[in-house]
Amino acid sequence: MKKLINDPKDVVAEAVAGIELAHGDLVTVSHDPLYIVRKGAPFSGKVGLVSGGGGGHEPLHGGFVGFGMLDAAVPGPIFTSPTPDPILAATQAVDGGAGVLHIVKNYTGDVLNFETAADLAGAEGIEVRTVIVDDDVAVKDSLYTAGRRGVAGTVLVEKIAGAAAERGDDLDAVAHVATKVNAQTRTLGIALTAPTVPHAGEPSFTLADDEIEIGIGIHGEPGRERIKLEPADAIVDRMLEPILEDLPFASGDEILLFVNGMGGTPLVELYIVFRRAAEVLAEKGITVKRTLVGNYVTSLEMQGASITVLKLDDELTELWDAPVQTAALRWGR
Amino acid sequence: MKKLINDPKDVVAEAVAGIELAHGDLVTVSHDPLYIVRKGAPFSGKVGLVSGGGGGHEPLHGGFVGFGMLDAAVPGPIFTSPTPDPILAATQAVDGGAGVLHIVKNYTGDVLNFETAADLAGAEGIEVRTVIVDDDVAVKDSLYTAGRRGVAGTVLVEKIAGAAAERGDDLDAVAHVATKVNAQTRTLGIALTAPTVPHAGEPSFTLADDEIEIGIGIHGEPGRERIKLEPADAIVDRMLEPILEDLPFASGDEILLFVNGMGGTPLVELYIVFRRAAEVLAEKGITVKRTLVGNYVTSLEMQGASITVLKLDDELTELWDAPVQTAALRWGR
Amino acid sequence: MSLGITWVTDWIRQSARVISEHRVELITLDREIGDGDHGENLDRGFTAVLGKLDDLPPDSVPGDALKLVATTLISTVGGASGPLLGTAYLKAAGAVGKEPELNGAAIVALLTAARDGVVLRGKAEVGDKTMIDAWTPAVDAAAAALADGKNEVEILQAAADAAEKGAESTEPIVARKGRASYLGERAIGHRDPGSQSSALLIRAAADTAAADDSSAGEGSSADDGSAS
Amino acid sequence: MSLGITWVTDWIRQSARVISEHRVELITLDREIGDGDHGENLDRGFTAVLGKLDDLPPDSVPGDALKLVATTLISTVGGASGPLLGTAYLKAAGAVGKEPELNGAAIVALLTAARDGVVLRGKAEVGDKTMIDAWTPAVDAAAAALADGKNEVEILQAAADAAEKGAESTEPIVARKGRASYLGERAIGHRDPGSQSSALLIRAAADTAAADDSSAGEGSSADDGSAS
């Protein structure tokens, strides 16, 4: 294992210290319990947005704390959900009297820990609503599984719900828009290599030189299927099919197309993927109205990418376009 | 070799097509000759800024075309300088009558090809000035080498010179500020793994599992020294020493600290590096006034990082803070 | 015999020891069909528990120690196993209340409450390839042993044997809860890490009870003469 | 004998062939002490040259063909080698002017101008571990052969032999120009890719001149009876 780290146990805490030093204009950090909070929080009368989850997905979630997006991010150890204590503390820190929305990726650990924190916050009189993000179409049937995972679509939920909170929507309305974004978002990911979790010291899985994983998550879990490497265009075609079938997206739809890097794939490849995805969508009469390309929801140094399609309407487009000022996503100010 | 590409020969052209589709609000693309130009260019009376170089360093340079930064970017094949033709065409496309500044990284190929293009543009009556970026302290003595390489500092030159052009500085003034940024910027890079150039199909060099390269460039050239892997803090200390000695930076200085990822290193590691670098600088009485952390000047999927220190003054700080609106760097609008 | 605070704290210390010894094995199991952190998670949790155990007041009863484990695991483990095992210990603590000594029936109640706690949070059934596949057979075997008139040590040994068999039984099946469920058929042939760690914890209970019992038999540490 | 347009176009085609055959070798040399694109760069350039060669008007002279190579390399190769070799061919074209047939002196002038073109752009000296380490010995050997009264084929063969030795001579030294200069001592033991490709190009000149010459001797393709 080769990494620019000190002790594997300190990876997340030291990285958060780095975030604090690099982005002190945007965020403040609580070191114990560990969470990142928007500078100036709580904002009186504004719904507070808290998200979090295991580390190793940076810039998710810490890079999205700031104006128009999250009020706090709670990082757990690498790939491990945080415990209720820091989630509770972050919830308290961002409560401006209008309640707090928890945005939780659908993993058993995240759901249970946020649930406990929400219960504890509720017991202290803070109104908490929870939106579970589960945009990953690779996981088929929630009757027989832990349900679809929350993956790259989480960024879109955080951005759009953040804009709704920023314009003054109440807790119900913010939760409603977050739920809607999640309902209209579908993602599929693939991996060319596995990540190496620092404390594990070895890659999470092994792939031959000509193999890729289809339907991968963001925690080094193997995907549902392993296939031979194909040209990028063929892989993109394979990825788009289950996404477009699932909602289903139809000719005339306007969408946001998001090509997300898993951390170790160069931007040049992400743009090649984007190009093909946009081509296929155009052929189907689907209009790419907004775009996002880059490493936003990663899995350490894993090579791979995911494609996310969000069906837009006027409200979602307006909220997407609204100003945002965070370390990893910024426009309009 | 495992990459999300189609034919290795089409990598750059297809990626640029992806950039065109993803960022059509910011840029237009000429496919033959291949260059990326800011939407609405040329801007009458504004100095035009053109940069370029081999592909594989994305988001450099295409991701920096837009308001307040570059007017055009000319990508060559992976790690290969573009030829004079597209440089000339891009220069013509951005000339608004106030002349054009070429920002060129100091490699023999880039220098020669830009030189020819500048000559040809001059012959057509376009006033061209060239600023060579050579911020890499790993290359010792230009009497015995091709001279210091232009690496991550290029982003700082492009941002600050772009702001100067945007506020209406004339060609001399823009060239002067670009030269000044370069003169006050020092970078050192390290690599944990090698990149694989698509047409070569094999990693550019091989490193044992416990070895790293110190003083690496951004083209898969081996560095000057190979050492055993050390904890991140020790590596950062090693990197900062030649940087701080070289200018030399001194107690009381105000600086911009830029930790750049080489493409394959996760953000969590970059923040660990940033944390240590900021600590060391603080100990030396150097004030980190502005910061940048992320993958801005990459070497395909190479794992590694560089540290760049730019000595600021009021003018440079103001120009750094000025609004910028590009695919990869954006604030203030 | 019956089992008191000494046994519970011995059990907890032994749990920390076996989890640390099996840390890499649990990470490896979790790497194969999960995300590779299970051994790290539990090791972090039980290390934290060890750190707090010395602060336990001398007049503590078993329920106090179990509650300490519960709150410490909940606030240090994270992931799925933190809330699940945390709740198990919390409910176990509730089941034994302020009782200073646990007889066979109390031991069965403890195990049952622990299992029910996991089910309450995680909604898994036997056969879903989770830690429940270790806990439920353990509870059943313990209840059967109690009905058969076995003593506390024998009850815990029956539970540990059943938990180990239960962990083994997760190998040939697909998962319906937890991360392994994302894998479909590809999870077949791999043991569920949570069932393995739960089997280790229950075995630690049996082993320390047996040691307690034999040292009690030797009269070396027990001041309670009621050993069977 | 003298060498005309047939030789030049044969030389160019043969150059494209050997560069393509040695593409991987040149990439490998460049991977070791550079950035791994030299074979790809020249192959892209000479493939483009081949595509344009058929459009060369039938009444073209050697200088026309050399100029075509120059402009095509400059506009398709990029990197360091594009402008350097492009300038070499451009200056070579200038040196032979409108001459339809090149005698020994013209061949030496061609090689000298090519080398001077590389120096003009790249400022390298012999011993800097660049393509100049092939070109300068080649020019010197060609001039010596001319002075010795050798014919065109012999002159080019002397140049090719010297270029190959020159390429070899880059192995034990450090570089002072080009990317290999960043490596310091670590470049020692590796051959400079540009010196290798230049040696291949000069060898192609000699080989095609010899073939031209022998077929001229057989009277099969040359309509010019002045073969030596």
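Residue numbering begins at 1 within each chain, and the chains themselves are lettered A, B, C and D in the order written.
Please note the rule applied: a residue touches a chain if its C-beta (ideal position, glycine included) is under 8 Å from a C-beta of that chain, and two chains touch if they have at least 3 such contacts.
Predicted model, so just to flag it, every value in this text is computed and none were measured.
Enquirer: Would you pick out the chains that touch subunit A and also touch subunit C?
Expert: In this structure, no chain contacts subunit C and also subunit A.
Enquirer: Steps needed, at minimum, to get from subunit A to subunit D via touching chains?
Expert: 2
Enquirer: Top contact pair of chains, counted by C-beta pairs?
Expert: A-B
Enquirer: Could you pull out the chain whose C-alpha mean position is farthest off from that of subunit C?
Expert: The chain lying farthest from subunit C is D.
Enquirer: Taking each chain's centre as its mean C-alpha position, how far apart are subunit B and subunit C in Å?
Expert: Taking the average C-alpha coordinate of subunit B and of subunit C, the gap between them is 56 Å.
Enquirer: Go ahead and note the Å separation of the Cα centroids belonging to subunit C and subunit D.
Expert: Each chain reduced to its C-alpha mean, subunit C and subunit D end up 78 Å apart.
Enquirer: Quick one: subunit B and subunit D, Cα centre-to-centre, how many Å?
Expert: 34
Enquirer: Using Cα averages as centroids, what's the distance between subunit A and subunit B in whole Å?
Expert: 29
Enquirer: Would you please write down the residue numbers of subunit B that are in contact with two or more other chains?
Expert: Within subunit B, the residues that touch at least two other chains are 78.
Enquirer: In graph terms, with chains as vertices and touches as edges, which category applies: line, ring, star, complete, or other?
Expert: Contact map by chain: line.
Enquirer: Can you list every touching chain pair?
Expert: The complete list of chain pairs in contact reads A-B, A-C, B-D.
Enquirer: Quick check on the complex: what are the subunit C residues that touch subunit A?
Expert: Against subunit A, subunit C makes touches at 27, 31-37, 40-41, 44, 74-84, 121-122, 174-179, 181-184, 186.
Enquirer: Quick check: in the complex, which residue numbers of subunit A touch subunit C?
Expert: 54, 76-85, 107-109, 112-113, 115-116, 138-140, 144-146, 149, 197, 199-200, 202, 204-205, 217, 219-222, 224
Enquirer: Show which residues of subunit B lie in contact with subunit A when the two form their complex.
Expert: 1-7, 11-12, 14-19, 21-23, 55-56, 58-59, 63, 78, 192-193, 209-210, 212, 229, 231-233, 235, 259, 263-275, 278, 288, 291, 293, 295, 298, 300-301, 303, 305, 325, 327, 330-333
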